[in-house]
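In the two complexes below, chain A is the common chain; its partner is chain B in one and chain C in the other.
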Partner chain A sequence: MKYQSQLVAKPYFIAAIGLFIGQIIFGLIMGLQYVIGDFLFPEIPFNVARMVHTNLLIVWLLFGFMGSAYYMIPEESETELYSPKLALALFWIFLVAGALTIVGYLAVPYARLAEMTGNDLLPTMGREFLEQPTITKIGIVVVCLGFLFNLGMTVLKGRKTSVSLVLMTGLVGLALLFLFSFYNPTNLVLDKFFWWYVVHLWVEGVWELILGAILAFVLIKTTGVDREVIEKWLYVIIAMTLITGILGTGHHYYWIGAPEYWQLIGSVFSALEPIPFFMMTVFAFNMVNKRRRDHPNRAAVLWALGTAVMAFLGAGVWGFLHTLAPVNFYTHGSQITAAHGHMAFYGAYVMIVLTMISYTMPMMRGRAAANSLKSQVVEMWAFWLMTVSMVFITLFLTGAGILQVYLQRYSDAPQAFMVVQEKVELFYWMREYAGLVFLTGLLLYVVSFFIGGKEHAEQRA
Partner chain B sequence: MNSTATVYDTQPKSPPGDLAIWVFILAELLVFAVLFVVYAMARRNNIELFNLHQLQLDRAAGLANTLVLITSSYFVVRAVAAIREGETQRCSRWLWAAFSLGALFLLIKGAEYQHHFSMGVTLRSNDFYLFYLSLTFFHFMHVIMGMVILAAVALKAQRGGYSVSEHTGVETGASYWHMVDLVWLILFPLVYVMH
Partner chain C sequence: MSGTFTKSMARNIFIGGSAFFIFLFLALSFDTVRALPERDNRHNITDQVALGKKVWEDNNCVGCHSLMGEGAYFAPELANVYDRFGKSTEAIKGFIRSRPVDGIPGRRSMPQFNLSEEELDAVAQFLKWTSEINDAGWPPNIQG
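Right after this comes the complex of A and B.
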């Protein structure tokens, strides 16, 4: 670690992992509710569990992105962070606000929460993934502003690199696009448009810039390949991301009352969205093959390569699976969507944050570069358990989805939703078991931080 | 220094420019290829409609733009030749000339759009216009992107940022511009002419 202020990333990462565990527990609760409908009812109804599962994901990923940025920007800018105190203050504000929101979801009925937080003054609640009370949303904006100010001042006083430029573009975009969550038009089609400006343009737009920048940073550090080479790839990847991703928003406009031409534009451009992810895979493996040294933190390199592969599979291939309008006509809102959502979020965003945590944590906890070999072996076990179980979760959900689409929508004698749900029960059970393996992997990941031993040294100078 | 220069001179590396731009060019060509295939499929389903509305297009303007882009590509070739002889200012002037032709392309295409819009044509008019407008507009954006690249390279050349031995940037920009040109060479006959 080159700059003392990079240490502010640590609480962000610890909070991220804590919330991640919470997210998985609620995922498991929900998974069980798929097959045992009244499990934990009325204390935690399905819709509440789902809201907590998805909101925790978003919040902990934001913690992860912020921590990554606080670590990267001082190192890229070659200067201390503008204000570590502000970063810590924002951390606590964000954590407390996030925790209160989750408590609110669990403690009172959603409608009551809306009433309590004055949603009638500026109605923003009720939209999927953006369920947060208006006051929490305002809090998120304040935290983002302070965060961007802090980073911006750091970049301005120091060295400007392409990696920090791309990262900052992604983060500013993230904050700006979130503002659309405050606009809630009464026209349902318009409402969906603005909703996707947040949701789609986040995960298939600016978040990919953040992903690309973090991946580039870790590869520069672990492979020793020239910065120029890595930056060129980064530019090419983000250009392709934006070319395909922005117009790719059209794949959400198929059946919501928008003009028909979106079926063409959405199909073509989103069908090409796997390209930047494929480039990312080629890029990551190329850089690791061309490495000038073997970095002692082998676990971090494994995470980086894993991100590139799983992001391509989850976001790229599984996205392509149901993105063409004629296919989506049948698969829309089925378990295929759930399969894609799980692997894409895990492969692209969960894994990149874990990559960054894996790379930085040893240094923030006082080691020169890496944990002991023993600790890394456990971490790599965690990697494989989580990744393989996620592959199985995705496959089981895809199986459930294909059956669901066939029985409920495609066959000559379509059956009712709940009838079909019972027929695919086996897949849901298997998904739940895979989820338990995932939790085991995650716990093992946490355990790996507490395994001591002598630091693993660099093998080849 | 001299010896490296000789190596560069006698063995121009292949592909010219940065490898990364070629990955990008291939990806871009794939995007356009998909669009062309979808166009062909939609046309096959409704040939009369496509033939009818194709006649509404201004082929003279399309042909003019084809010549404009081919000429601009020639200018870019001259720019690369100039920098290989170490003539940075001449290189920059050729690049600006190509840039101006890019601007001329935008003007002509803009006038065509102006004409269509004044006739009330939109994406929703029919399938032909849906394809015509989205394909040409997507290409239009690429011309702008290519011009930004040419301008960046020209400015760097003006400042003496390239030399006989190191001018990867010029070749990179030139490669991208040729792609923009190449795509139009397919797009023009496909959408304007083929009947």
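Right after this comes the complex of A and C.
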């Protein structure tokens, strides 16, 4: 760690991990409700658990991105952060606002929460992923503005690298696109059309810039490969991301009332979206193979390579699986979608945040460049448990999805939704067991932080 | 990547490529917004349908159901429930009204929302309106 102010990343990462645990617990609750329909009913209805699960995911990933940026920008800019105090204040504001929102979901019926928070003044609630009360959304915007101001001032007074410019572009894009969450017209078709400006253009647009920048940063640090080479790759990857991903938005416009030319545009461009993910995989393995030194933090390198592979599988392969309009006609809004959503979010965004945490935490905790070997071994076990169980969660959901699509939508005698759900129950049970393994991996991950605090890994670099 | 392909060339492709596709996407979005009145059944959006959308959102129905294939996958698709229920808004209202407070033992349950008669009418009209949007023939069949 070169600059004292990089330390503000630490609370962000700790909060991220805490919220991650909460996310998984609610995932498991829902997984059980899938098979034991009245589990925790009416105390925690499924929709409430789902909001908690997905909103915790988004919030902890944002904590992770912010922590990563606070760590990276000073080091890239070769100067202290403009205002560490502001960063810390925003941390607490964001954490308290986030916690209050989750408590709100759990404590009162959603309609009551909407009423209490004045949703009628500016209705933005009740849409998937954007369930937060309007006031929370305004809070998110304020936190983002302060965050971008703080980073922007730091970049301006210091060295400007391609990595920091790409990261900043991604973060500014994230904030700007979020503004579409305030647009909620009465016309459902318009509402849906612009809802994807937030959701798709986040995960298949600007977030990929953030992902690329963090990956590039960690690879520069751990492999010692020339920055010029890595930054050139980064630009090519994010160029492909936006060239394919922006018009790729069309894969969500097939069946929501938009003109039918989107079936062609969406199919063609989204079919190309796996390219940048594939390039990312090639890039990461290439850089590690060409490494000039063996970094002692082997866990961080494993996470980085894991991200590159799993993002390609989850987003690239599982995305491609259902992105062509004639296929999507049958798979739209089925368990296939859920399978893809899980592996893509995990492989790309969960793993990149865990990569950054793995790389930075030892240094922020004064442990030289890496944790003890013992701690790293446990962390790597956690990596494999979480990653392999996520592969199985995806496979089980894909199995459920294929059967669902066949029985409910494709066969000669289509059966009712609820009937089909019962028939594929076995897959949901297996998903739940895989989820328990995932939780075990996550807990082991937390344990790895408490192992071998005293002994440092010997420096081989 | 060979020596002649420089970082600044890569950066220019990024900037040029993104600018071009952002522009194209905005143009297509603009065209879509202009074409929508033909497809989105907007002339039938009454105050009642608008209230129905509010009831839909205020109760987070999308947290269990999908609507035009978007949302959650825990409970039936509702964009065509009006057709599935024999084009009867009364049947939709009856279903929502009759949910037991404590759920149905062992079965995935829908909450009892205690909606007023006005809200029930509105949400049923909203679902009827939704079923009449031209959505390129989705879903594949009546089961949603």
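In the analysis below, the second predicted complex is superposed on the first by the 452 of 461 C-alpha atoms of A that agree within 3 Å, B and C clash if a C-alpha of one lies under 4 Å from a C-alpha of the other, contacts with A are read in each partner's own complex, and residues count from 1 in each chain.
The rule is simple: a residue touches a chain if its C-beta (ideal position, glycine included) is under 8 Å from a C-beta of that chain, and two chains touch if they have at least 3 such contacts.
Quantities reported herein were computed from a predicted structural model and do not represent experimental measurements.
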item	value
Partner chain in contact with A:233 - chain B first, chain C second, else both or neither	both
Which of chain B and chain C A:417 touches, first, second, both or neither	second
Which superposed partner A:279 touches (first chain B, second chain C, both, neither)	first
Which superposed partner A:271 touches (first chain B, second chain C, both, neither)	first
Touching partner for A:243 - first (chain B), second (chain C), both, neither	both
Partner chain(s) touched by A:289 [first = chain B, second = chain C, both, neither]	neither
Partner chain in contact with A:110 - chain B first, chain C second, else both or neither	second
Touched partner set for A:260, first chain B, second chain C, both or neither	both
Contact breadth on chain A, by residue count: chain C or chain B	C
Doubly contacted residues of chain A, that is, touched by chain B and again by chain C	232-233, 235-236, 239, 243, 259-260, 265
Residue ranges of chain C touching chain A (in the complex, touch as defined)	1, 5-7, 10-11, 13-14, 17-18, 21-22, 24-25, 28-29, 31-33, 35-36, 39-40, 42, 45, 49-50, 53-54, 56-64, 66-77, 101-109, 111-113, 130, 133-136, 138-144
For the chain A and chain C complex, residues of the former touching the latter	30, 33-34, 36-38, 41-42, 45-48, 50-51, 110-111, 114-115, 119, 123, 125-128, 131, 162, 184, 186-190, 192-193, 228-229, 231-233, 235-236, 238-239, 242-243, 246-247, 249, 252-260, 262-263, 265, 329-330, 332-335, 337-338, 408-410, 414-418, 421
Touching residues (chain side chain A, partner chain B) in the complex	232-233, 235-236, 239-240, 243-244, 259-261, 264-265, 267-269, 271-272, 275, 279, 282
Complex interface listing, chain B residues touching chain A	18, 20-21, 23-24, 27-28, 30-31, 34-35, 38, 42, 123-124, 130-131, 134
